[in-house]
Amino acid sequence: MTSAAQGAPGAPDSGTTALPGARVLLESGDIHRALTRIAHELLEANKGPHDLILLGIPTRGVPLAQRLARRIADADGAEVPTGSLDVTMYRDDLRRHPTRTLLPTELPPGGLDDRIVVLVDDVLYSGRTIRAALDAVSDLGRPRAVRLAVLVDRGHRELPIRADHVGKNLPTSSAERVSVLLAETDGRDAVLLSSPATGGAA
Amino acid sequence: MSRHLLSAADLDHAAAVHVLDVAEEMAATQRREIKKLPTLRGRTVVNLFFEDSTRTRTSFEAAAKRLSADVINFSAKGSSVSKGESLKDTALTLQAMGADAVVIRHPASGAPHRLARAGWTRGSVVNAGDGTHEHPTQALLDAFTIRRHLRADGAPTGSGTAAGPGSATGRDLDGLRVTIVGDVLHSRVARSNVLLLHTLGAHVTLVAPPTLLPVGIGGWPCEVSHDLDGALRDGAPDAVMMLRVQRERMSTAGGGFFPSAREYSRRYGLSAARLRLLPEHTIVMHPGPMNRGLEISADAADSPRSTIVEQVGNGVAVRMAVLYLLLAGDLGGRA
Amino acid sequence: MSTTTPAPGGTGPAVLVRGARILGGEAADLLLSGGRIADVGPDLSGAPAARGAEVVDATGLVALPGLVDLHTHLREPGREDAETVESGTRAAARGGFTAVHAMANTDPVADTAGVVEQVRRLGEEAGWVDVHPVGAVTVGLAGQQLAELGAMADSAARVRVFSDDGKCVWDAVLMRRALEYVRAFDGVIAQHAQEPRLTEDAQMNEGEVSALLGLRGWPSVAEEAIIARDVLLASHVGSRLHVCHVSTKGSVEIIRWAKERGFPVTAEVTPHHLLLTDELVRDYDPVFKVNPPLRTQADVEALREGLADGTIDVVATDHAPHPAEDKDCEWAAAAMGMTGLETALSVVQHTMVETGLLDWAGVAQRMSTAPARIGRLEAQGRPLAAGEPANLVLLDPAARWTVDPAAMATAGRNSPFRGRELPGAVVATFLRGRATVRDGALVEPAGTAR
């Protein structure tokens, strides 16, 4: 069991490292604007910050959820609770990959019951991560509603799942790889696109 | 994690810490209202028990079921095995049932190794106690218990930084002093604990009468003493683990390992007086089942320092972690 | 290869062995005729007696007297699922042996003239090597009452070696009486030295490995205590004692001490104890379970040294075949024992010759001459000289082979050397002039349908 500790914690939907030869799709400013817009959309759709909970899906969904909370605070002055939701144990592809590291699930005090839970992730791709997240949420409580906010929707859905709030729709080929970089986890903000020819194995 | 967990020595430092970390996450899920996770849906775990051990079997069973695995309990004691069916044939039968993991308890030391290495099963093999050899998941739950008490933030002997408030995640047992007392010779718990606690950086001292220590113990990564009072007073242990002593080990016509229960208790039992020798933060552990009045007094077993009941609960989380790490990866068992 | 095959009994056509290094020394020709070595010389190709002889090119091969095993388990009667006299003696011939001592722990036990004569006859019928039955010391190996040692000695089997091997004659009085009694017919007691109380349910050598593996220890002292007692008993009553399968450094030291005092003691070591250690047990593979157990490297070194300096007289195989199911199980449930007839010479070459501890003459002494003398076999273990019985083995010391138990002649698959590369291959074995092995393969006797 020696190498499991170094196992990739991220979902297969999101890249974890910047690859050489990658093309920049979103710059730091683009990401900032997208999150600000999503924050406003959330407030508008919910008619205010009441009962909202932002649950980030590790790894990069967690800082995104925290950023969204700050944008909401900037816009409305309201404190929206955030948390993290690790979906690893709910995935349907565990047997197809090396053992995954488990990451913490941390819920805000008061739990999920009768709240509006917003799942936050970096990239929406096959939809399987969100399917797992919905199962995880239902084991943790009974929210009044669950919504989905993602920074990037790259298409190629395998399940009937769509996002309520999307930072940027990026049509891609499934052979390409979308990598989200965030200052909190990667030292800088960017969304990169790499193709197999330039980026090596995905 | 490799394909099997046969010995505590299978785990290096990083792997041992990783198992404990995963166990923390598993324990967190067990505080929820809905404890069941879908993780191992469709996988089959066989509990193959050639010895009675209700507590270990139920612990593994709970762990497997909380992860949604299908569980088959095969209690081989008093069944076809005693009529001469070999371990091999039993294993082949279970293989035909499609076992993804075999949790085996066997009176013969090394039986899990044979099961894993002789090609009788394609599944992962988890050693749930073999003869007088090892019991690695017991050592993991003991390490987990020690880490929670003595390595979470705010623990008295902590050094370095913890991952978060009240969390021991990522930590090892570096510098902690653990004293293990009793029948080391026949104890699979002692063997696994010496190996695992050493791997995690703890200093282990074994205390026992010389008759209950194996010849050849010199190679173990621990210290050995025959003087319990000295070990408790001068050793200032952070954790004291009392091992079960079976009454049948005492003197018989053929030469027992100690003269009488009374003498054993007097020299090696954790009495109320010995309890008072311990530093305030020291925890008292016992793998169970206890012989109250022999190796452990009621004062010790029931004291606030005692983690004995907590150990049982931690056992489920640790075994969930082990099953998860063995089974949730790909079938080849790499990574 | 010749198409004519000599009949058993030593009356086949003459064989001219050309250019064999006798005991590893100078190359010479050997002319085998009428079951005897007719002549030895630098070049016998022109000798009149060599005319028409089958020629065996032995260039580069070493010639040794046919090997004699003091300690073989042929399992028949009773455990024909493990080995038969036929399969076991085929294995012996393949290993370069021309005589074996068949241990008494059969079922029924070889404790009467009837059983030893049966084993003797089965050996003669098989015809691969001379089979000399060992008689049990006590009735049923039970350690209670002397077996009819005299009857076995006087039988057609002419038993001279008596042993309860597998069990120790632990009762000191019984051991004393046995030693005394066999003096009447120049017999020897071959003791399996194992103090029973110290080894109850013992599983492996007691030491660091057993401590870690949680296997019940088998202390050296359990062997050494019996050997110490027995060498003193042998000295006291003036009878021959032979110590089976010495396995510890301490045993070597006790025997050395006894020999320095002129005690009538001989001893044997097995090939596996010359090479393997208890480290191999770490994976709990029962192929390494044996009695006495594999010991430590220090013991291995002491055994090699003892064999080299003559403290240990003999290499004996303790060939102990078992059916697969007796090894294909957990360690504690597995039978003890290893096959060894077909690997013995190679292991001795590897451990003793290639380390410089013994030359080939020393090997001949310890694997042929000494065991034949201890067993009182008059026609075995003789020098390779004119007029002597034509019992010899030709081996290729430059050969290298990988041990494959499935390719062996023994019915047992429990070779602890499986998968190892070993040096030295038996090319030919001659029993009274008849080739039992040629080009490394068994030669079926003419006129028999097998």
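Think of it as A, B and C in the order they're written, each chain with its own count starting at 1.
Following the convention adopted for this analysis, contacts are C-beta pairs under 8 Å (C-beta built on N, C-alpha and C of every residue); 3 or more make two chains touch, one makes a residue touch a chain.
In UniProt terms the chains read A = Bifunctional protein PyrR; B = Aspartate carbamoyltransferase; C = Dihydroorotase.
What you are looking at is a predicted structure, and each value in this text was computed from that prediction instead of being measured.
Chain B has its Cα centroid nearest to the centroid of all protein Cα atoms in the structure. A centroid comparison over C-alpha atoms places C as the chain most distant from subunit A. One simple way to say how far apart two chains are is to compare their mean CA positions; for subunit B and subunit C this gives 47 Å. One finds 39 Å separating the Cα centroids of subunit A and subunit B. Centre-to-centre separation between subunit A and subunit C, using Cα means, comes to 74 Å.
Along subunit A, no residue makes contact with two or more other chains. For subunit C in complex with subunit B, the residues that touch the partner chain are 197, 203, 206-217, 219, 283-285, 325, 328-333. Against subunit A, in their complex, subunit B makes its touches with residues 1-2, 10-12, 14-15, 17-19, 21-22, 25-26, 28-29, 32-34, 36-39, 67, 169, 324-325, 328-331, 334-335. Considering their complex, residues 86-88, 106-111, 113-114, 117-118, 130-134, 188, 191, 214-220, 254 of subunit B touch subunit C. Interface of subunit A with subunit B (complex): residues 1-5, 7, 86, 89-90, 94-105, 135, 139-141.
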